[in-house]
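Structures incoming, each one as structure tokens.
Shared between the two complexes below is chain A, which has chain B as its partner in the first and chain C in the second.
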Partner chain A sequence: MMSKTTTALATLAALGVLSGAAQAEIRLGVSVSATGPAAFLGDPEAKTIEMLVEQLNEAGGINGEEIALTLYDDGGDPNKARTFATRLVEDDEVVAILGGSTTGTTMSILSVAEDEGIPFISLAGAISIVDPVRANVFKTPHTDRMACEKIFTDMQAQGITKIGMISGTDGFGASMQAQCKEVAGDHGIEILADETYGPQDADMTPQLTRIRNTEGVQAVLNPGFGQGPAIVTRNVAQLGFEIPLYQSHGVASDAFIELAGAEAAEGLRLPGTALLIADKLAEDDAQYQVVTAYTEAYKAKYDQDVSTFGGYAHDAFALIVDAITRAGDSEDPQAIRDALEATSGLVGTTGTYSFSPEDHLGLDLSAFRMLEIKDGDWLPVE
Partner chain B sequence: MTGRNKWISLGVLALLIALLPLFFPSGYYYRVGALIFVNALSVVGLVILIGYAGQISLGHAGFAGIGAYACALAPEHLGLHPALAVVLGAVVSGVMAALIGKPILRLKGYYLGVATLGFGILVSMVLTNERALTGGPDGMNVADLGLRDVLRDMGWKLSGGEFWYMLCGVVLLVGAWLALNLFDSPSGRAMRALHGSEVAAATVGVDVPRQKLRAFVISAVYASVAGSLLALQNGFITPDVAGFMHSVEMVTMAVLGGVGSVLGATFGAAILTLLPQVLTVFAEYEQLVLGLVMVLVMIFLPQGLLPSIARRLKGRDE
Partner chain C sequence: MDALLQFLFSGLTVGAVYALVALGFTIIYNASDVVNFAQGEFVMLGGMITVFTFEAGLPLPLAALVAILVTSAIGVALNKLAIEPARGAPVVSLIIITIGASIVIRGATQLIFDKQLHRFPSFSGDDPIHVLGATILPQSLWVIGGALAVFVGLWIFFTRTLTGKAVLATANNRVAAQLVGINTGWVMTLSFGLSAAIGAFAGVLVTPITLVGYDVGVALALKGFAAAMLGGMGNPKGALVGGLLLGCFEALTAGYLSSQYKEAVAFIVILAVLFVMPQGLFGRKSTERV
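Take a look at the complex of A and B:
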């Protein structure tokens, strides 16, 4: 029975490939968390990719071939993400997969992509996605570790050596907390206080008071995303802290300033991408064109502001289009993978990507820009 | 249910599992099939608890979580083979169920529901917060079953579901067989008796607390094995597996398919696993359709899909 089934499968697969070739379509698969608890990541990602595919196809596709997009919403459930990844590979026969909004969904898609030899670009943050390097797995967002390093570099420049940390216990906050503790020593930073709060907590005054009462703390760092950091920001202002507050890239959006209040957020710093200061970029900035084109198109189509997360999807799409163009063969996932790994100097909204066999993230610290909130708006610190 | 009915149920299940692959156009369907079997297995456990013994649990995902994380943790920390880790998980779940079942099964109705709910949330919180051990909300990798080379030699796809389809199908068959055996056994009769009336059951000599506990422990082991199979199959696990929504999903599957019937449970699991896959085309309406299906079934087929349909058919025959 087994062999009969496999033959039938093979025949069907062959038919699928043939009909695909006749239509000259490039089958691209996406699985993001457009709904559910991670929707704030997946929603802009899905919208961005849909918009970009439409744009590209209107402009004539890649080497005359249009992109046929299959997009699934895994709802942030790793189990569903794995099923959709299997479906994309086995049923929709895509040549590449983008997506995996969270670390959990990414890890699920990753093993399918690795087993089947399909290139996969993840949109999630964890360093474990690309370390150790896996042949078919790439990612666009910078890692938490890089955010920590960027923040600590800025602290060093200010002469800050002793800090207090208050972190969310959600996946993002906890992961960044661990990474920051690991690299703090390399930058001569000492973490004197290490507090945490739950994702649903409505008041962080007790933890912050403990930090304030810790002798010698020169700055506060708050790894976390969602509403937690906004509450921390407000509490810090209420308690009248006189030391600087650093937030993470997890809250790098205009919505954060609204949530925390411009007054409370005044003067706080965080590492962000060029997207946040799209309107303030110099015209000769390397990222000016990419960022402006993306923000304007997105605003025009959806009447919403872009977010860093949509930017990750934008970059993943740009990378795969670039790779397919250079691979020359839009039917062969391994040729696309090889071209992807050879990517060099591709300018995205997050930074400039250059992959190598040892580096499947391809960003360095320069991708982050240190931003400061001034009068309810983001300003680059230089 | 007579002995004949038991073999009919098992036969139908075995035939479906064996013959469906003939109609599968791609490997993806094996994956969905394997998921259905895993879900069905934990729902069969709930049939014993809810359908036979008449007790409710809103925390069974907790046991699935224990089974899943046993497969992830035991090979790494104890050097145990993943297959043995499944057994370990089942034992831990069983012991845990016995320990917490003793006090909370004295509760009835809503109170029992809330107590089990609390247990499920506790497990989920431990898995989320014990970052050093479980990797926290980001999840952790699960060791391979060590069959990759064997599978490759047989020409089966590694991540494709053929192997898992067969394995989960067989485990489900065994699970269904055991559950159906239990139905007519003295224990099964005692459980059903206390379902009908605890006072009456106690009067005729049924040890009520003991039988309740037995049903609770058995169903916990089912959920645990299902969780283990899911973890091994996915090769990666997050605390979502122990989440509250997963508990609710299990109960919904049981109630939708028909809470007293093993075949109905499988049917319910199949529908609720398949619907999200079928509805990807209009993903926005997925929840709406799911809700509508459930409300309609509860209004028109309150016994659950399969028993209600079976009764209608029987009624026509007679």
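Take a look at the complex of A and C:
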């Protein structure tokens, strides 16, 4: 009896404290895939958001109000993501949702956000998230199509018109393969060979031999993710290709150079973000401040290098903080949504965002930088 | 012509990887009729433990030895903790236990190590060897050589040693084996330890080619299992030939037909072979006594 009373009192006290504090708090909801198969996306995303919330609250919050973060781990499962999104809206009463590490989980959260009129910034890649435009849905990562266009623009500049493609059959590779084939014609690029490989394959020399034996191929493009591109890169070196190799933004990380081997990767090009060359950015670069601040803080807190994916979360958080600041009313999701849509020239780690009622991605091709691997390190290509 | 040779080199490289995994299935299957679906996890552990001990500063051969010994101990533990307590259970239940074990090992690996892909340097550099216009990496020769060595070792073990024959006897009839004085519990422990060691050895050899991460075991085990079925489950010769054949089917299909169909064609060939020869190419004919 005694203990029951104490528990009840404690619960009441706790509730009292919580609701008391909640009045001066901005409730922000996050659902990312911090564990499971998409953990390589969700893990840095969760860490980034936790770090940024901590930083912001220590610095006094937004207009004096602290952010109360509710972070769920959906494990990459779209069903769980839907449950968590509903819980965020109904139980946690958040004013905005960030997250959706994968396109699958994003699609689940998206429908909840649309039904409930809560602004949602997705961290997933697919263009279908913002095309057609949905009132409450925004996203930070650039799309596969933009990566293709960036690569093809670079090829055009090199006078390359005929290429061979070798793509992974995983979701990322297949999607980018389709997007690249769609926009190749616009850039005067002809795809003469179109090969694929399974995500767990150990050797791609047969496919590459076919590409090599195709008359007129001037470059090889490899849309893919995980170990595939590293093995393709090694196989290309093994076969002694003399034509340039292009990889996608899917492998834009230092770990890739390590896996492929600096020697094999020498001279290959890919589109990446400023985050990857943080230590090589000129001080007058528009992104210098934001990229340096983020990489240093992340490294200091977690003793890990930043990834492009953490950068997406960083930008989503920066966008929502900016929008809440301008909205003036931290309680009204629709006011925040309107402010978000009016975002203009916000510099993030991925690029510079300017949303409009027709464009909820807000990035252009300048967000990508063409990088080349030189002596085991990334070098921006002019 | 040089294209054909290149396809065959690719097929032999990949095939030797499959063969090494398939050879790992042999001992446990021979001792207990159990197909150990955690075999791919042993391969993964061999690679992962080598990566981390190597990065911790151990020389590569020593790191590989540590990985093989630790994985072998894990194999023994799997037998003691999961298989032995369920000794009376039918073979299907034991197989399901090994599937469970593989999930546990995978989960533990991503917690203890990490979720990233890793690699360590090839044993004899990365300069391709040129043969008649085609190229092969030195590491591929290591893998092919390793598969041959394990095959010869297993063949001698099963046909020339008393212990190997004790393993076969245990599978044949456990009670009869006990009656003639074979310690069947010990045979089971031995077979799990050896299988895990072979798996880890495979992991050490193939990691410079395939890379390693906590989740590579499933795909390896599936391909290795397919190779073992093609060659005949339980027969070291079958595992070797099955693995190499499977690798060559895939490479030739990718080279001459289309890379889209390479797995489909390989599996259609396997189905066709099993349709005509249900025991696989070199499988023993089992006769049911009535």
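Everything that follows uses one rule, which is that the second predicted complex is superposed on the first by the 359 of 382 C-alpha atoms of A that agree within 3 Å, B and C clash if a C-alpha of one lies under 4 Å from a C-alpha of the other, contacts with A are read in each partner's own complex, and residues count from 1 in each chain.
Keep this in mind: a residue touches a chain if its C-beta (ideal position, glycine included) is under 8 Å from a C-beta of that chain, and two chains touch if they have at least 3 such contacts.
Note that the coordinates shown come from a computational prediction; the quantities given were computed from them, not determined experimentally.
Asker: Between chain B (first) and chain C (second), which does A:Glu195 come into contact with in this model arrangement: first, second, both, or neither?
Answerer: Second partner only, chain C.
Asker: With the two complexes superposed on chain A, say which partner A:Gln218 touches: chain B (first), chain C (second), both, or neither.
Answerer: Neither chain B nor chain C is touched by A:Gln218.
Asker: Determine, under the contact definition given at the top, whether A:Asp203 touches first (chain B), second (chain C), both, or neither.
Answerer: So A:Asp203 only meets chain C here.
Asker: Between chain B and chain C, whom does A:Gly261 touch in the aligned arrangement: first, second, both, or neither?
Answerer: After superposing on A, A:Gly261 lies in contact with chain C but is clear of chain B.
Asker: According to the stated criteria, A:Asp73 is in contact with first (chain B), second (chain C), both, or neither; which is it?
Answerer: In the superposition, A:Asp73 touches chain B alone.
Asker: Now for A:Thr161: first (chain B), second (chain C), both, or neither, which partner does it touch?
Answerer: neither
Asker: Between chain B and chain C, whom does A:Asn57 touch in the aligned arrangement: first, second, both, or neither?
Answerer: A:Asn57 sits against neither chain B nor chain C.
Asker: By the touch definition at the top of the document, which applies to A:Ile231: first (chain B), second (chain C), both, or neither?
Answerer: Only chain C is touched by A:Ile231; chain B is not.
Asker: Of all the chain A residues, which ones make contact with chain B and with chain C?
Answerer: none
Asker: In their complex, what parts of chain A are in touch with chain C?
Answerer: Residue positions touching the partner: 37, 39-40, 43, 195-198, 200-203, 205-207, 209-210, 213, 226-227, 230-231, 234, 237-240, 255, 258-259, 261, 263-264.
Asker: Show me the residue ranges of chain A that touch chain B in the complex, using the header's touch definition.
Answerer: These residues of chain A touch chain B: 1-2, 4-6, 8-9, 12-13, 34-35, 72-73, 77-80, 82-83, 86-87, 89-91, 103-104, 107-108, 111-112, 115-116, 126, 128, 169-171, 174-175, 178.
Asker: What residues of chain B sit close enough to touch chain A in their complex?
Answerer: So the residues of chain B in touch with chain A come to 18, 21-22, 24-29, 31-32, 35, 128-129, 131, 136-139, 141, 155, 157-162, 230, 234-238, 240-241, 276-277, 280, 283.
Asker: What residues on chain C touch chain A, complex-wise?
Answerer: Residues 3, 6-7, 9-11, 13-14, 17, 110, 115-119, 126, 128, 135, 137, 206, 209-211, 213, 215-216, 219-220, 251-252, 254-255, 259-260, 263 of chain C touch chain A in their complex.
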